[in-house]
């Protein structure tokens, strides 16, 4: 680029008018509404685990439409697209590695086991007056049995 | 090179520990070598190319071949080390099926061990030598960590979950168990003693709570009296986390000068501190609580063998 | 790069003079275009941080769902699907009006800009009204986060009915405390995520109103509409997050 | 490439302009309300140095307490266990959140980055000032928490300890939350600045390597810190309302907290070390008077370190109860970190080769960095290796390792960079002789303090211990004595740097014969940085003699 380009903000704004436009936005909105209807409809059938996948898949399509058209990323400078993708990419990493841990872990004590743990342990270790491992809701109900 | 290993690592209490030591020393020499590949050139260049006015430096921007070499070689070394470490770790991570199982409950700030036969100890772990022992651990309050330096194993103990660790001790004698995950005020005092003993001694231990007590009751050694045995119990059974020996008030009454004293209870009654009261206080602590103290002491019923109770009574008696 | 001819690709133009008079031009930028692009990068970076901020909650939700699958699915049924769907439609429409407002700003069409911004704010308010009814219903029923959870429905099992296989070791024999752990956690996440989202809606109403006032004053023109554009991006992100919240909470039952 | 141009590197000292950024305006509000990146940088510098002083005092107190097993000094117990726990928590939290994370990017980076780019300011000057006030707010909140008894959670805030212990945990957590946003906005600002405000002629690969380092850091700041924010919010809610996420008593999962925490805090380690490496990449070519060897390799290694830092966090949790699958995967990925770090070290050596090495104080610190960081990095191998990590984690070995990286690495580089840009920032030269003394004491003291701790750790001394076995006493005592020498070195450094401020301005514009754009302006720079928009004509670190113009 040895000779300076000509664009100015005005020029550039005019340039951007070639993209988008009320028609495109209206079509996007209609697509989004239709997809919403589809996802609600799909939820009333039982596909087992498939429901989650379908719901999130449709949500991702909708999100992409919003990002590409409403947020103009389709016509925007690549750097902004990279930043947006980086955000989702690192969120993906976060989810992926956490699931890697969680899915392979199954050694929980049954919930609230400790509410009645009968290990007579020594002293002075819990703050006075605090009963460890009781269920807060149960406490609220005055220990009402279900 | 054994001396160097001993300089850096604690005594090895198992075959696994020796493997870890070998790996540690291997990494030590490898990293030492890599360190020299950085430091020797650095100091040589500093001397060889020291500042001279007017010296013109060459304009070398890069050298792809050299750069590839010093990227690839470390990469290969790293891959090798990873697999080496993985091999050792698999041994640590997977307990053999035939292992004896000891339950550990950690709590601020003591350890409770429960053996397959139901007998329990506090801060005092006995295991038979050359046997696989697996520990199934959980915590009562916050995260703790079961660390046995001599066995080179450690694992966090998490409330609400079980975690496991195992070893196969080969070195007879005593080893330290410490808590390695920060857990508050008493974190650094959360020790237990691991005693590795032969099968006969271990069987005896399960019966009577150990063999050591005999030395204190046969009168042979003037430094080993029943009161000294009591002091050992005081230090290992968790008494010292609430009772002091110097008269200062802790969570429980101090033992200094308590023997033979008339204590006022929280219901206003008075009681003479004698053998019967002390015995009752260990077995059924909430029956007669000294005024000004919370009824927080747990029962030591089944936790203390007869010889230990006798020792403790003698010890309290001696604190006049 | 040692030529005297200057690489100007970061400064396309060098037309500083052309905008020297623009009151919005900041001194450290050479051109208005450079200034606009920079603002946009800044906004996108901010949106990326928002994605990760919400993302943390999504991860936490997913992890806890994996831990309490049964409780979570059951708790889901307490959410009213049509309310979620209605709010989805409202937000989608508000995104549409927002993008039209940006377009109007770009064209310098003040009347339309004000109209569409007002419509966007209206949609946001409708969203909050629906949320208000949702929240107050949850409050009445006691479907509240964590230790405030007090719903006494019959479906909640006692605690000893723990997931099979785990209780073997030390499960207590008789313990009939209702086990609300997973349920309470579900509503913790429900209120945190929709609450944080609602907070973003509130903040959105704030900035939209500010933009509306400035638009009324005629501050924006074809050569300067950066704030409208940036607020638009923010608003779409709020919409986008709801697009994920909706199926995750209202549809998986 | 023809070189028939005016010299870019050998700038003669221009007559010093009367007005510069320091004296252009005066008074409190001219600083408190400034949007000048240089003044904000100076304010940050003062702030982080005060934090460093506080954290340092706490560190000395920790070491002094550990001098003897009885913790007694002149017959009096120095700190009780509870006080000790609070002091080491304060040391960690202050050093990490108030000092090291903002130290290089927000102070030196703020000052130098726009100058190096040939820009008049950062992209968003007002946001920059806002970041500073967020930092200040966070700092004041942390100090308030300190006054109200301080927290004893450790800087890691592990649940369920942190949700059950006494003390102003909520306030401290919110302080860190606010500091996190300060960090996010700084990073955001720098990314936008690097993208859009480079001088004419400066392509991506014409940027000084310092910029690459800061840019990589900024990526982490922007992408990781929000997760810290949400983690701390969850922690506060758990503590205040029992929402049942982290506390197992109410159905939570404490290991989940560790995942959340380390998703930020592992990358945060690179927020700390990358700017340190960035400074070294400036110092070595400048004081070798030779072009950098492997520019692109160093630039790429910065970015790849930033990216890899996001996928290795689980190596903090090998024994913490995460799944075995996760442990193995995280260990394998952890070794990826070694490669770019090694590449940088060898490239710096390649730069020194055949150079013209001048051992001024900044270069002494750069060489210290090479040695100390090499030790810190290589001992990381022991910890990344699964089998040895099991024994070494949560012991003093880890303590020594991360002090070698963060103090031996980052803080050494920070002090080196401070000396390097001191003439530019203040217009004054400091005493070179005292500089050498300070650097020598720094090295002696540091190694005495922390090399010892490797031995303590491998011998089985767990970290965060108030009481320790008698057998460790000699090593602890040695380490404590080392900390005094370290402290003395820093005291001397502070003294001669402050003393230099009393002199009239005497620094030349380019005292080290540097090639990057910040040396093209006066020392100290004028308010708008450059008299004329600088245009990059040669790549950075070009030390070839300038040819005669055609």
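So that you can tell them apart, the chains are marked A, B, C and D in the order they are listed, and the count of residues begins at 1 in each.
Everything that follows uses one rule, which is that a residue touches a chain if its C-beta (ideal position, glycine included) is under 8 Å from a C-beta of that chain, and two chains touch if they have at least 3 such contacts.
Source: prediction; values computed, not measured.
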* Asked: In terms of CA centroid distance, which chain is the most far removed from subunit A?
  -> B
* Asked: Considering A-C alongside C-D, which chain pair is linked by more C-beta pairs in contact?
  -> A-C
* Structure fact -> One chain's C-alpha mean falls closest to the whole-protein C-alpha mean, and that chain is D
* Asked: Taking each chain's centre as its mean C-alpha position, how far apart are subunit B and subunit C in Å?
  -> 49
* **Separation of subunit A from subunit B, taking each centre as the mean of its C-alpha atoms, in whole Å** => 43
* To do: Please report how many Å separate the Cα centroid of subunit C from that of subunit D, as a whole number.
  => 33
* So, what's the distance in Å between the C-alpha centres of subunit C and subunit A? -> 10
* When you check subunit A against every other chain, which residues touch at least two of them? -> 79, 86-87, 90, 94, 98, 102-103, 107-109, 111-114, 117, 132, 134-136
* Asked: Which subunit B residues touch at least two other chains?
  -> 141, 159-163
* In subunit D, what residues contact two or more other chains? -> 164, 195, 223-224, 227, 242, 248-251, 253, 255-256, 321, 324
* Asked: Touching subunit C in the complex: which residues of subunit A?
  -> 1-2, 4-10, 12-14, 16-17, 20-22, 25-26, 28-29, 32-33, 36, 39-40, 42-43, 51-52, 55-56, 58-59, 62-63, 66-67, 69-71, 76-77, 79-80, 83-84, 86-88, 90-91, 94-95, 98-99, 102-103, 106-113, 115-118, 134-138, 140-141, 143-146
* Provide the residue numbers of subunit D that touch subunit C in the complex, in ascending order. => 1-3, 5, 119-121, 123-125, 127, 184, 188-189, 191-192, 195-198, 200-203, 206, 222-227, 229-231, 234, 237-238, 241-245, 250-253, 256, 260, 528, 533, 535-539
* Please give the residue numbers of subunit B that touch subunit D in the complex, ascending. => 7-10, 19-20, 23-24, 27, 30-31, 34-35, 38-39, 41-42, 45-46, 49-52, 55-63, 66-67, 70-71, 74-75, 78-79, 81-82, 84-89, 91-93, 141-143, 145, 147, 149-150, 152-156, 158-161, 163, 176, 178-189
* Structure fact -> Listed in rising order, the residues of subunit C that touch subunit A in the complex are 5, 7-9, 11-15, 18-19, 31-33, 36-37, 40-41, 44-45, 47-49, 51-52, 55-56, 58-59, 62-63, 66-67, 81, 85, 88-89, 92-93, 95-96, 98-100, 103, 106-107, 146-147, 149-150, 152, 156-160, 162-163, 166-167, 170-172, 175-182, 184, 222-225, 232-233, 236-237, 239-240, 243-244, 246-248, 251-253
* Asked: Once bound in the complex, which stretches of subunit D touch subunit B?
  -> 81-82, 85, 152, 154, 158, 160-161, 164-165, 248-249, 253-255, 288-297, 319-321, 324, 327-328, 331-332, 335-336, 338-339, 342-343, 345-347, 349-350, 352-359, 367, 370-371, 374-375, 378-379, 381-382, 384-391, 393-395, 455, 458-460, 462-469, 542-545
